[in-house]
């Protein structure tokens, strides 16, 4: 069995004047690499990393600092998503120079209503793939990105440069089929997310991408799975049943930032207008986290 | 561990003049009880059973024959879904007289646009629950039925008479959360469907409801899970990755009827205007079924 | 200019034991024919008429009584919607015997998930069209019925037997295009609904179908339009801006029944579990109705 | 009657190396101001203007050039949409310095799934409104932006700084209600789009925002409406029934660029990966445009 992948997407800590809080990012990356056993770190790749708030130079700085703080301990993948293929190529060239191992690219929304066609999507990925030697991760996240059908996903996965897929859907019928038709078929490695991790591994998928501290639970889960301790793996999967789903109406970034702050790896507050969890919400979240492998990191003084 | 449930929904075989084909139903029920090890049979309960095409007396006849053919070997649950609570009660009274073990009731669509409120849904289930002593299965199937939110599902699960839930969603984030907040919390037993079965069992859910012949794969899967042979269980779950998903654009009833016909338990064709799978589609389906535990049932002569 | 059509769908009044309240239906039909100038009455045709709650014989009784109470003053169209084409045909044969002028048929939902194909829809309408000599109204109401695409709607409109279309969408881009490609192209007459009436007439559509008492406002609007008093027509269209939209979260049947009760043509309460408007909601609705042509029918004593 | 507004959004012409084609923009703006009678021009405000492909400095250049080419003939509104309120404020400050009359701001998508709350939306608009003295147009375009409910739209319209609303929906039930509750209630002026223009004016809305050459049809329509020639206004509205709806599967920008190229005001091709209309599609579009007020601009040699 190929070793399952755990791609971790560090949250972006902001200072009170909404600049990148570099020391907080560095501490978080140490946690992600050392304590979560990330097999790869993704820089400015998923929307939960709040990179869309950043100006272009700030975004490049976030990528640069992420690579610097990872410091070669694990490979880094760089998010290059942009409506313009030219800007995506520019970011890919930067990524190459910085020594990135791969780039991640959101299947883009058609700006003027209606879905992009398969031809549109293929053309976009091919234009970018021609200009970079790095492997491309196809990133699927309907909403900020396009809602890509099963046949269109398969067509994109067959492009030689597309070597990984990051799937945001929690639709297990879709994911089961695509793991078989894409990952087991040898076209690309299939990565999913927290709630899908054990099911993904059992079906032969390659792993998952997620922010911390979900990644610490995922590390335990992957280790149990590799050790064939499937009952323990199932217990760990259960730790993703309420966390973070129960706080998703607040958004994934606010929920995960709250959890990080609770376990003592401070990452600050969400970018406005989104607001941090309330005191009551924090207490409820702490109570749930106490039932997970994160329990030991919670201070005794946090009310349950 | 509680023994997992496998609730099987026999397909409805029609004669060429679109009446119930009783001998075909009887043979199918024997297969379902004997070969699939159904722990319960549901009569006229899910839309894939094509019961909505039947007039009221035909629907009652289907229920009656199903109970007769099961012949006490396993408990039978009776579908009583109807927009009118009065008709649902009438069907529940019939079910009681026929010795049914439970009734299944679709969360109803609001006929005049927009979703029913939690109060509407609770009132509907309470009106019916007051008139029957049988346990009620809350059946969730957005489209034919309402799209019930997580909070509304929990509210309905807390009604004393609602003791099971049949969930049609393949959204594993939703299902993970509801298994914890409903089944593990003791409010009702949570049943899902083919693609979700292993994940459901691992999270502590109660089983799944499905038509044959998926139920034969599910039987092997459940047995492997109970025997703690988790690698075998995962291999079996993988058999649901392409079947029936790859034929869902044709509809679940046409796909499952085709599979039954291929394994030699003939159930005829879908109710018009829906059409059977083409010769090429049948060949492709047979090729996939040859990779499953159903392979032995396929005749040697079917082209792959 | 062809005279615009106003097809009125009487609400179904229930007695306290949920049987058809025939005297209330008769009074309502008199209002609809005499005061609203309906050019056609539709019996048990749209979901707002709450016919889905009725058993088959009750549904036939509703149709029979509607035709009887209209008493030849205007043509009657009979709803024959049913998942089974055989039942629809049976209802069409009844309609013929009762002297109906047309039948109305909902584009059916595919019971087992996913949309019906164009071939499925065409086959269904053709099977029924072959068995009745009456013109068929294609009824489009996504939710209870299928969500039919623009090309599929055009394909159905081209069937010789399909002579009218009742469109429930409020999407003016869709409706504008279909009025041109269907009604102006001579394939079928296009009918819409309250909020769309003036726009429909101006584009060359044929009219609208709606329940009372919206139909009384519509009558004034149509008369103004025919008299080329377009400013008056626009003022009347404005009377549909808040009524009934502002109460649609309660459902169209509860909102329209409330309005009928306010203007003194009592039609009772919605079928359970749906509930009548509260006292406060009634007062707010009365205040809006006082700004419409219905004002004179409101008693002085209703609080505004 | 207040004079109806016609806000025109020039398409962005690109050179073959995907830079802003300034001469083409200038010729287009002359057409928009002189021939369409725009009452306001919006710079880089709607997605059909393809501004999301531009880097930040290119976007500022597009704004600058637009204002320069309009040259004070009519007021200019500047698009300041950005996920970050800080960047939106920066663009608003630029707009003030450049003499803009207003700014336009998209209700932002929540980047991490699920809708923003009313509080989130109000906070975002207030943060920006505090930093600029210019009136703000609330821009509603679900997909690139959030899907804002009726109550949330009303809440935003009540903010003092929000003085206009640009609504992209073609849902006439929604728009009818919001025109009454927002525009007629005095909270903000309500603008819609091509297919909705006559209905908007008749209900008391303020006008529409659209790209050319739809704006030339709209100019004729508004003039007929103001002259109370309502039959002519309806004929003109009918010219929007097929154009551009019939080409919307290709996207609004490709369709409108094709129409501009056909009438001789060349604006080039869509930004890749989107492609221009094919020769056959151009011929079909030309045939439709020949039935509109744009007919005179079409060369005789274009095949119909």
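Chains: A, B, C and D, in written order; residue numbering restarts at 1 for each.
Definition applied: a residue touches a chain if its C-beta (ideal position, glycine included) is under 8 Å from a C-beta of that chain, and two chains touch if they have at least 3 such contacts.
From a predicted model like this one, the values you see are computed outputs, not experimental measurements.
Asks: Tell me which chains count as touching both chain A and chain D.
Replies: none
Asks: I'd like the Å distance between the centres of chain A and chain B, where a centre is the mean of that chain's Cα atoms.
Replies: 35
Asks: I'd like to verify one number: the distance from the centre of chain B to the centre of chain D, where each centre is the average of its C-alpha atoms, in whole angstrom.
Replies: The separation of the two C-alpha centroids amounts to 50 Å.
Asks: Could you pull out the residues of chain A that touch at least 2 other chains?
Replies: As it turns out, chain A has residues touching two or more other chains at 248.
Asks: Looking only at which chains touch which, which shape fits best: line, ring, star, complete or other?
Replies: Graph shape, chains as nodes and touching pairs as edges: a ring.
Asks: Can you list every touching chain pair?
Replies: A-B, A-D, B-C, C-D
Asks: So in the complex, which bits of chain A are touching chain D?
Replies: The contact residues of chain A facing chain D are 18, 47-48, 50, 52-56, 83-87, 109-114, 116, 119-121, 123-124, 127, 143-144, 248-249, 251-253, 271-275.
Asks: Which residues of chain B touch chain A in the complex?
Replies: Against chain A, the touching part of chain B is residues 170-174, 176-177, 179-181, 195-196, 198-199, 202-204, 228, 230-231, 234, 237-238, 240-242, 245-246, 248.
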